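Working notes, structure below.
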Amino acid sequence: MSTNKVHPVALIGVGRIGAIHFKNILNNHDLSLKWVIDVNEKAAQEFASKVPGCQASSSTTKMLEDASIEGVIICSPTAEHTKAILDCLRAGKAVMCEKPISLNLEDIDLCYNESKRLNIPLLCAYQRRHDESFAKARQTINNGSIGKVQIVRSTSRDHPLPTLNFLKISGKIFHDCTSHDIDMVRWLTGEDPCEVFAFGSAFRSEIASLHDWDTVTINLKFPSGVLATIDVSRFAAYGYDQRIEIHGDQGMVQAFNQQPTSCVVSTHEGVKSDPYFHSFPQRYEKTYATELAHFVRVIRRETEPMVNHDDIKKVTIIASAAERSCETGAPIKLTY
Amino acid sequence: MSTNKVHPVALIGVGRIGAIHFKNILNNHDLSLKWVIDVNEKAAQEFASKVPGCQASSSTTKMLEDASIEGVIICSPTAEHTKAILDCLRAGKAVMCEKPISLNLEDIDLCYNESKRLNIPLLCAYQRRHDESFAKARQTINNGSIGKVQIVRSTSRDHPLPTLNFLKISGKIFHDCTSHDIDMVRWLTGEDPCEVFAFGSAFRSEIASLHDWDTVTINLKFPSGVLATIDVSRFAAYGYDQRIEIHGDQGMVQAFNQQPTSCVVSTHEGVKSDPYFHSFPQRYEKTYATELAHFVRVIRRETEPMVNHDDIKKVTIIASAAERSCETGAPIKLTY
Amino acid sequence: MSTNKVHPVALIGVGRIGAIHFKNILNNHDLSLKWVIDVNEKAAQEFASKVPGCQASSSTTKMLEDASIEGVIICSPTAEHTKAILDCLRAGKAVMCEKPISLNLEDIDLCYNESKRLNIPLLCAYQRRHDESFAKARQTINNGSIGKVQIVRSTSRDHPLPTLNFLKISGKIFHDCTSHDIDMVRWLTGEDPCEVFAFGSAFRSEIASLHDWDTVTINLKFPSGVLATIDVSRFAAYGYDQRIEIHGDQGMVQAFNQQPTSCVVSTHEGVKSDPYFHSFPQRYEKTYATELAHFVRVIRRETEPMVNHDDIKKVTIIASAAERSCETGAPIKLTY
Amino acid sequence: MSTNKVHPVALIGVGRIGAIHFKNILNNHDLSLKWVIDVNEKAAQEFASKVPGCQASSSTTKMLEDASIEGVIICSPTAEHTKAILDCLRAGKAVMCEKPISLNLEDIDLCYNESKRLNIPLLCAYQRRHDESFAKARQTINNGSIGKVQIVRSTSRDHPLPTLNFLKISGKIFHDCTSHDIDMVRWLTGEDPCEVFAFGSAFRSEIASLHDWDTVTINLKFPSGVLATIDVSRFAAYGYDQRIEIHGDQGMVQAFNQQPTSCVVSTHEGVKSDPYFHSFPQRYEKTYATELAHFVRVIRRETEPMVNHDDIKKVTIIASAAERSCETGAPIKLTY
C-alpha cells in the first residue's frame, strides 16, 4: 500500500481491453480515474457512473484541457491511436497506449519523436513483458542458468475465435498476433533477427476471404546464430495457449500454460485437469495490473517505459517482413 | 462490476490478516470502508489515512454508534472475538469474524444464538471453502464423478514457522490449524465423523515447552464407513503446503499446491519449477477476495453464511476431541 | 551383459506372480530355468515346454534331488511356503519366496533360523524395495536432502479388484496389502514404530462377509517422533495407485504414480493424460527384473538378502497389531 | 509368451545400436541368434560367446550360406548398408536395417526394388514409430480427438554430444537427425509436404569445420495447409529431448519427455524431478524391443514392414531439400 501521491488519469475506449484497464485503474490506489472517453457516450457514462467524481465524454477535448490529468490510457481502435497519442502528449499527459501504436512506421516515429521532443513518456502496452512467468523465463536466461541461447520457440493460439468484425480491422495476423511473439523473442534474446521466413494458411474460409491467415509459422535467424520458430493460430479449441521455450547450451527454460484450479480428477478414462484459461483477460488478469503499476512509475518518471521506440519500430519491421515473406514465398533479410 | 448499493463497513484489527481484508475491502467496489479500529490507534490511523472519509479509533464505541455501518470484519485476537461479535450484532451490523469464533463452545453458542435471535448474520471466515480448487473438488464429488467417497486425505503444512509470540496465543495446533482440515473434510463428505484418533509430536523444543505439538496426524471414521487422515505440520521448508485428496469408488479428485509461475527449468541436475507459494496471503490471494464477496451477499441477505453455527460447533468438538485423543492416547467417540 | 557363471534355478508355482518371474528368469541371462513345478502339472508343462532343457513336475521331489539347482523361486500359495522353503534350504538351494513367508511368527522364525543354521540365503520378495522410484526416495532421505524425517504418508490402492477366491485366502488386507506399506515406512525411516492405530471399513458386502476390510487407514508413531499414515484400498477405479511421501524439516520427497505413455490431450473438456498403470505387473515390470537380479547376487553370495529375518518379523508384528487395533478400536503399543 | 516357431537370425555390427539389438534378440523368445558378424572379429566373438550355439565371423559369407537363417539385423556403418542388404535379400533373408538405408536415392531404390522383385521383406528401423507415446499421439489424431490437424511441432535434441568421429560419417544433421522428425511428421499427418525451408547454425567450431550444423529449424508446408516446424540440436545439456505436438481444430496432443523415476523433491529452492533420460538407449529401451517384435511378424509375413520404400524415399528427398534450403537460403518446392 503506497503512501505516494494519487495520479488523476483518463481512459479512452471502454471496449474489451478498456474494461480490463478500467477495473485495474479502480484497484490501483495510486491512480484516480477522472475521465472516461468513448465515441459511444452511453458506454462512457455507464463506466464513469461507477466512480465518484469521474466524468464521461464522447470526445477528448475537455479531458485534454483538464490540467489535473497526468496520464491517459488509450484503448480506442488502432486507427485512432496516432491522433490520440499526439493530442495527449502535447497536452502534457503521459500515455499508455494499447498495441499497436500504429501499423505504419511513419506514425510510430511521429508519436515517439513527439514524446522525445516534449519529454512526455509514451508506453506501448505489450502486457506479456509484465507477466510473472515470462519475466521469470527472461531472468533465468539473464542469470546464466541455461547458458548461451540457441533455440527459441514461441506459441500463441488464441481462444475464443475473434469475431469477423474484429478480424476485419485487426491489421491481420502478423501485426495483430505474431507481433507479441516477435517482441517476446527479441526481449528474451536481447538480439534483433537478421532474416525471417514465414508460411501461412487460412483454414477458415471467412479468414481466407479477408486475404488474411489463421495459422502461421515464422522462422527467424539472428546474427549470433540463434534460431527461433513462432507458431500462431487464431483458434485453440482447448483454451488460451501461450507458451515459450528457450534452449541454451546449458539447459532449457519453458513457460507453460496455466489452469484455473489445481484440481486433478483420475478415473478409468485417465487423469484430467482443468482446461487452460478461457482467454487473455483470465490468463493475464494479474499481468494487466502489473502493467498498470509500471505505468504509475512511468507517470512518476521513476522509470523509463519498458517498451520503447526502438522496440515498437523493430517489431513492426519484423512483422511486416514476415507478412511479406508469407505473401511472396521468399525469405526476407532484415535491416532496421 | 455491480451497480448495487455500496455498503459502509468497519474493520476491527489491522494485524496480518486484517491487512489482507483491508486491501480486499478497498478493491471490492460494493463496500466502502468507514472505520478502522485497532487497540494500536497509530496503526488504525495509518490504514484509515489511505482511505478518503475513513475514520480511525482504538475503540469500537463510536463505530457501533454509527448507524450507517452495515457490516463489520473482525480480525482482532481470538480472546476479544466474543465481545466484539455480540456488540456488533446488537448494534445491528452483519459480522464476518476470523476463525475461531472462540475456543469454547459456550461462547460460540452465545454468539450464534444472539445472531439468530436478532436475525443479524454472523459469518465465520473459513477461507478455504471459497478457494476455487477446493470448491472444484467438492463440485467434482457432488456431481458424482468419483462415485461414493471412501477415503479423504488432507494435508496442511504451514510456512513460514509462526512466531513464538503467536504460538503462545494460537490455541494450539488442533484448534489453530487442524480445524481448517476438519472443516474441509466435513464439507467435502457432507458427513460428521463418529470417532477420532490422533498422534502428535513436538520436534521443536520451544513448541514442546508450550505443551503444544508441531506435527500431528488425525484419523477420522464416519458413520458411512468413510475414513479420513489429516496430517499437519507447523513448518514446511518448501513453502505453503495445503492439499486434499478424495478417493471414491469411481475415481479420485486431488487439489494440489500451486506455484507462482509456470516456468520450468531443465538442466543436467533435473527438471525444476518454482517453490510453492510463500504463505497463505499469496496462496489465498484470490480466495480472500471471493470470501469478502460472499460477505457482501450476506450483508444483502442474498445468501445464508456459508459457514454456520452447526459447522463451527462441530469443528470445535472434533478439534477438542482430537487434542484429547493426542493427550490421552485413546480414540474418542464423537457426539454432538 | 555379465560374463559370469549361469545359475540353474527352479520355479515353484506358475500362477499370476509365477508367470511374471518365469518371464524375467528367461530374460535374465545369469539364470537358466531347469525346473517348473506346479500342483497343476499341465500348467507346469506348458511353461517348461517353452524352455529348452527345462523339466516339469507336480512335485518338488526330483528338483530337490537335482544337485545342479542353485536357487528356487517360490510362488506357490502362502500355506505351502514354510514346507517348500525348509525343503529347499535343506537341499542347499538359495530361496527367493514371494511374500508373505508365513502369517505366523513361528514359521517365519523356523524358516529364517534354518537359513541361518545352514548358511543358505532366504530372500523374501518385497519388490517395492527394488523399484527405482521408491529407491530414489530413500536415497533422497539418506543423502540429507529433506533433513530430519517428520511425516510419512503411504498410499496403496489396488486395481483391479481381486477375485473373491483370492480374497478368501489372502490373509486379509493388513497382512496382504498394508504389509508392503509397513515395510516401506520402516525401510524409508530406518526406524521401528512404537505404537499403531487403525480404522477399517468394508464397503463391499462380499468383503464384509469375509470379516475382512476393503479400506483401512493406519496411524503409526515412532520413538523419534516421526508420524506415519497409511491408507489402503482393495480397489482404485482409476488404476493401480501406489504413492509415498516423506516430509522432513528441510523438504519433501514424493514418489508419484506412473503412466503408460507421456501423451497429453487438451480439448475444451480439459487436459487429459493416460490412466495409471493397470496393475502391478505393468507398474512393477522393471522392478521385478531388478529384484531377480538381486537374487542372482544373493545366489552368488555377493550380497545379503535386502529383506531379512528382522524385517519380516517386524512387519508381521506391526500388521498383526494394526489388525488387532482395527478389531478392538484401541491403539496398540508395539514390542518386538 | 508365443508358442510360434523360433526364427534363427544374424546380427551384423555390434557397435552402439548393435549392442541394443543384441540384447533384445536374446530377450525375444521368437528369435534365436545364430550369427554375430563384425569387421572387428574379436568384438563379434565376445558377443557370440554369450549365446549357446551362436557363431562369430568378420564376414557375412558363411552366414549368407547358412540356409537356416531367416532374418538379418544390419547395424553396420551406413556406407556398407546397400551391399549387405542386397546380399541378404538375395540369400532369401528378411532384413531389418538401421536407418538410413543409404544417403542416395539410387541405392535406396536398388534395395527396395530388389526386395520387391524377390518378395523378401526389407524393414528400415525408424524406431520412433514403435514408441508407445508417439503411437498414442498418432492414434489420438486418427480417432478424431483433435479434429483436423493444423500445426505440428517436432523437437529432437540429442544427448550426449556425439563424438567427432561419428559426426564425420553421420551424413550431417539433416539426414542423420531431422530425418526422424520428417518421418514422424509425415506419419502423423498422413500427408507429404509440398515445400520446405530451413535455417541452420553451427555453434560448435568443430561442427562448423565439418561444414555441418549443430542446430537447425525446418518449416514445412503441406498441400492441405498443415504447417510444421522442426527444431533439432546436436546437444541438450539436460538430457535426451524428443517431443512432438499436434494442434488440430478440436484440440491438441503432445508427447512429452520421460524421466527415469516418478520422484519429486520439494525444498525452498523449488520443486525438482529427475533429469530426462540420458540418451536413446534409455529413452527407447522398450521401443526397440517392440520394433524387433514387429520384425518377427515381418519375418513371418504376418505384416508388411511398417516403414516402406515410399517412406524412405520421401524422407530422403525432404531431408536433402531441407539441407539444400539451409545452404542456399531459399525455400524448396518438393516433388517426389
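Per-chain numbering from 1; labels A, B, C and D assigned in written order.
In the analysis below, contacts are C-beta pairs under 8 Å (C-beta built on N, C-alpha and C of every residue); 3 or more make two chains touch, one makes a residue touch a chain.
Model, not experiment: these values are computed from the prediction.
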Subunit C reached from subunit B - shortest hop count over touching chains: 1
Chain pair with more C-beta contacts, B-D versus A-D: A-D
Averaged-CA centre spacing for the pair subunit D and subunit B, given as whole angstrom: 57
Distance from subunit D to subunit C - Cα centre to Cα centre, in angstrom: 38
Chain centre separation in whole Å, for subunit D relative to subunit A (CA means): 42
Sequence positions of subunit D contacting 2 or more other chains: 146, 237-238, 250-252, 266-268, 274
Subunit C residues touching subunit B - in the complex, by the definition given at the top: 146-148, 150-151, 153, 155, 157, 195, 197, 199-203, 215-217, 219-221, 225-229, 231, 233, 235-238, 241, 247-252, 329-331
Contact footprint of subunit A on subunit C as seen in their complex: 237-239, 259, 266-276
Sites on subunit C touched by subunit D in the complex: 1, 3, 22-23, 26-27, 29, 49-50, 132-133, 136-137, 140, 145-146, 250-258, 260-268, 274
